[in-house]
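Please go over the structures that come below.
One chain, chain A, appears in both complexes that follow, with chain B as partner in the first and chain C in the second.
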Partner chain A sequence: MIRQPISPITKIVLGLASVACLIAAYAWLSHRQHQINPKDSTIPNLSQFSDGWERLTRVPAKSEAEGWSSYRECWLWEDLGATYGRLFLGLASGVILSLVVGLAMGCFTPIEAFFVPPLSFFAKIPPTAMLAVYFVIFGTDIELFVALIALGIFPTLAQAIYQAAKKDVSSHAIDKAYTLGASHAEVIWNVIFRQILPRIIENIRLQIGPAMVFLIAAEWLLTDVGFGYRLRIQSRLLNMNVVYIYLVILGVTGYLFDWLLSLARRKLSPWFGE
Partner chain B sequence: MKNYACYLLSALLCCQLVACNKTNIDTSTTGTGGASQEVSSFSLAWSEYPSWSVFGVADENGLVDKDEGKLGSIEKKWGVDIVLKEADYDTCLTLYGTGTVDAVCMTNMDSLAPSLGRDSVAILPTSTSDGADACVAVGTEGVEQLAGKTSYGLEMSVSQYMFERNLEILGKSVDDYPFSNMDPGAAANAMQTGQEKIGSIVVWNPFVLDTLRKRDGSKVMFDSTSIPGEIIDMVVVGKDSLAKDGGKAFACAVIETFYEVNRLLADPETHDETLIALGAKFSNLPLEDMEIVVQQTRFYKSADEALGLYEAETFQNEIMPKVVKFCVDHGIVETEPAVGYGDPEAQLNFDVSYINEIQESAMPAE
Partner chain C sequence: MPPSFPLALEVQHVYHWFGANKVLNDITLQIPHGQIVAVVGPSGCGKSTLLRAILGTHPPRKGEILAHGRLMTKPTRDVGIVYQHYSLYEFLTARENVAFGLMLDQTSLPQRLLTPWNWWPLRRGHLKQADQFLDKVGLGDASQRYPHEMSGGMRQRVAIAQALVMEPQILLLDEPFGALDEATREELQIMLLRLYEENSQAKSRGEQPPFTILIVTHELNEAIYVSNRVLGLSQYHGGGAEGATIVYDKQAPVFSAADDRDFAPFFAQKEELREAVFDPENLQHHAEYVTLWKNRLAESKQGSS
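The block that comes next holds the complex of A and B.
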């Protein structure tokens, strides 16, 4: 029957089964590829992956640090730091910008009229396609990555917040707050913002994917540390045992971030439900 | 009860997935088997570069037909179907390394890493960089002033090789000349738009000529004219593909196609149009700049020139070992591939037998 509920255990078992299927399918593919060519590096097997992991966590020979702190100089740690540093800075700037503009648009009609045309226009343009413009304005350092992510997610996110502020809050609630003597700021903060917060979090969650795409694309071209850089150089050298580990890390951290945001939404707006 | 139906359904789904994969393989093997009864078909991946765009021009001229199942004049002569796949350079390397294509256009340096996973045969040198890779700087008078200034170019590529080889020749220490990774197109773009930070770039053509033209005060610090015959553009075929039916005919047809277009280039009557066709997608450089491009990317335009390179003592005993050492030192390859010259056991084999074959079979009079 459609939408028939299942028990939690069944749910977990089915989830694990899908992961097992994926791993089995990969193992079979890798096995087949190695039978055709034992030296194949494109679909690495377990021992190749452990070589890749060793390479990722290898401390450079010239390192002077000792013990655990020396691992800060391995590829994996450096790339994680660089990429996620850029991602968080970019996301934070983009979210703040979208929040301010989106809320203002949803609340004040002149601002709405002013911002709607450019936002709907830029929402359809991939920012990576106009990288040259970003060069000229932001240079080639960290500013560029932050701007690319922030301005990349801004049009879509601001539009979503603006729509929510405009449509999801009933006029009754706003009128009631005014009657009780609330100021403009109080209405925006206590009535509108609180009510659309879960929607905002949901939309931020949906924008992490595009933000990551913009970042990797820029790192592909411009930098000497980070996931995009390492993926480019290593896939060029066909070191897929390194590449796939990075992709898994990207997937897992993405999943984790997603889960954290869902958790935040449940804690901040328990009334919203699942 | 319904729960069991659920399990059954998901189990069925899984089986179907596996089954689908299997049938795919079956059809693919029968597919190639079927084709070999008529004319076997081989794929060559190429990217836009002066001596590789030759294959694109050959398609336009009808010497070969890039599509599967259609034959150009040279393909008919050798009884083999050449399928041309144009892609970005890095994509070409991946296509070749994964075994998706039979042959690829790549440099001698970049062929080391794939040959560790797929035994490879370098059947034809197409050109060498003789000025096509350069270090271009702004606001710097000479190499002395460049010290301490970061140069931007693609790491682990011919750019970095050219950079370090020149410093070595000039007797400078690599440690005094920082090199940082950046995509060549992006680096050239950044310099042309006047980025303060990007004072020195290490790029290849068309970016070299384009930057010199568009950024006032930009100057070549040094280039690959000091190391001709070290950065070599080639056609490489997988040993597995050469062993297939018609593999040899494929190699010969590719070589003949290359020399045929070179003949068109040498002929004064067809020179200009061929050169324009070569440059059409490579760059937006005008004809006179394309003349410079083909000087800086010196073609091995005949079998004699190709043999002169691959059979030379210096190439086998000095240049290739130097390139291999560079690749090992920079982590481009973790282990050294066995490089051979006419040695069928080698992982990367520079084999002149196909060029010899072409040289012996005189061109048909048309």
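The block that comes next holds the complex of A and C.
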């Protein structure tokens, strides 16, 4: 039956079954490949993954004596710090910029008229195509990655916030706030922002994927530390035991951010429902 | 204590038009404190335009509107509003919705952000006051519910409490019960009658009546039942080409919330309203149906002197 509901237990069992199917299919493929070529590294087996993990977490010999803090010099720690540091800074800058401009556009028609043409134009240019421009302006330091992510998500996110501020809040709700004694700032903060907050969080969730694409692409080309760089080097060497581990880490952290933002939306806007 | 201004609302020779379309034509109206006034009229006659002009969101092209002596050019806390739809803030619970106006009116955004230690005790007081108003409209048990968790009737009760807690000089109700079922309509109509009874009690104590309400409705029975004065706004008059004006203005019988609902006594007034307001053929002079309160007040002053 179409849209027939299922029990929570069935849902969990089916979810686990899909993961088990993926692992089983991979194990079978890997096994077959290693029967043909025991040294194959394109579909690594468990012991190769163990080697890959060891390589990722190996501390350079000169630093071993420094104890726990020396782990900061292993590939995994360095790449995690570099990539997610860039991602957070870029996302935070992009979200703040989009919030200010999007809300101002949704509330004030002169600002809307001023920003709509450039935003519509820049939204059509793929941010990775702008890499050369950012490279010329910001060099290859962290500013490049922050600008790439922030300005990459800005046109889409600002337009989404602007549309929500303009269309999701009825003029009745705004007029009524004035009859209750609100100032202009209170209408923006206590009515419009509160009303569209769940939509803002949803749109930030949607922008994490594109932000990650921009970042990995830039790291692939322009840096010597980070997930993008490591994936490029290791895939060139066909060290898929490292590549797959990085892909899993990217998937898990992406899922974690998504879950955290969903949680934030439920906590901050319980009225919005699922 | 007598009010510092005699009239809750004064509309003085108001005209409004959209391009070549003339909507309101020389509307003059006085509403003293404590009246519950119903406005009826044919569809498209300009009831909403008049309401928006009084609210201040769409000031009239010509003429003036004063709420408690203050010129209305933008929405202010002097004039409250309850709409048929979108009456509540979805992101606030019932008690937060009612306390919302108290927060906006009594504190500023910088105050709340920069001195939260002063704001929180005030907030507790606001929520307590909101609970009292929710009790008044019979929703004491629903204070923690969000609007989407309430029925249409409950939402409108909260919206009325939200507006009344501000003690506006006049409260506008824009077809507030239009989307409700018959039983819920009756409950809310009786709630308005109770407010009128509170006005009467205040008057008998020599105090200013607390509730002045202007209700726009399509339902003639409702108009006569809940109000003590009925206004008819219509384009069907001698100067109809120039827009709608008030063609009917008479007192309505006052009912008690405890009385049985019996619409039989309304029959004669309903027929009179139909003829004066809704009949396109009736283009005679409407003076016999209209009693401007300004004249009545002047007469009463002369009488007393």
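In this text, the second predicted complex is superposed on the first by the 270 of 274 C-alpha atoms of A that agree within 3 Å, B and C clash if a C-alpha of one lies under 4 Å from a C-alpha of the other, contacts with A are read in each partner's own complex, and residues count from 1 in each chain.
Criterion: a contact is a pair of C-beta atoms (placed from the backbone, for glycine too) under 8 Å apart; a residue touches a chain by one contact, two chains touch by 3 or more.
For clarity, every value in this text was computed on a predicted model and none was experimentally measured.
Contact with neither chain B nor chain C is seen for A:T128 once the two complexes are overlaid on the shared chain. Once the two complexes are laid over each other on the shared chain, residue contacts for A:S262 go to neither chain B nor chain C. With both structures placed on the common chain, the touch criterion links A:I6 to chain B but leaves chain C unconnected.
Contact with neither chain B nor chain C is seen for A:N45 once the two complexes are overlaid on the shared chain. Looking at the shared chain after the overlay, A:Q163 reaches neither chain B nor chain C. After overlaying the two complexes on the shared chain, residue contacts for A:E186 are found with chain C alone; chain B is out of touch. By the touch criterion defined above, A:S93 reaches neither chain B nor chain C. Taking chain A as the reference, the larger set of touched residues comes from B, when chain B and chain C are compared. In the superposed model, A:T253 lies in contact with neither chain B nor chain C. Partner chain A is touched in their complex by these residues of chain C: 55, 57, 74-77, 79-81, 83, 85-87, 89-92, 100-101, 103-106, 108-109, 146-148, 162-163, 166, 168. Of all residues in chain B, those touching chain A in their complex are 2-3, 6, 10, 14, 17-18, 21, 90, 93-94, 97-99, 110, 113-114, 116-118, 155-156, 180-183, 185-186, 189-190, 193, 195-198, 240, 332-334.
Across the complex, chain C is touched by residues 170-173, 175-183, 185-186, 189-191, 194-195, 197, 269-273 of chain A.
Residue ranges of chain A in contact with chain B, taken from their complex: 1, 4, 6, 10, 14, 17, 21, 25, 28, 36-37, 39-42, 55, 131-132, 135-136, 139-141, 220-224, 229, 232-233, 235-239.
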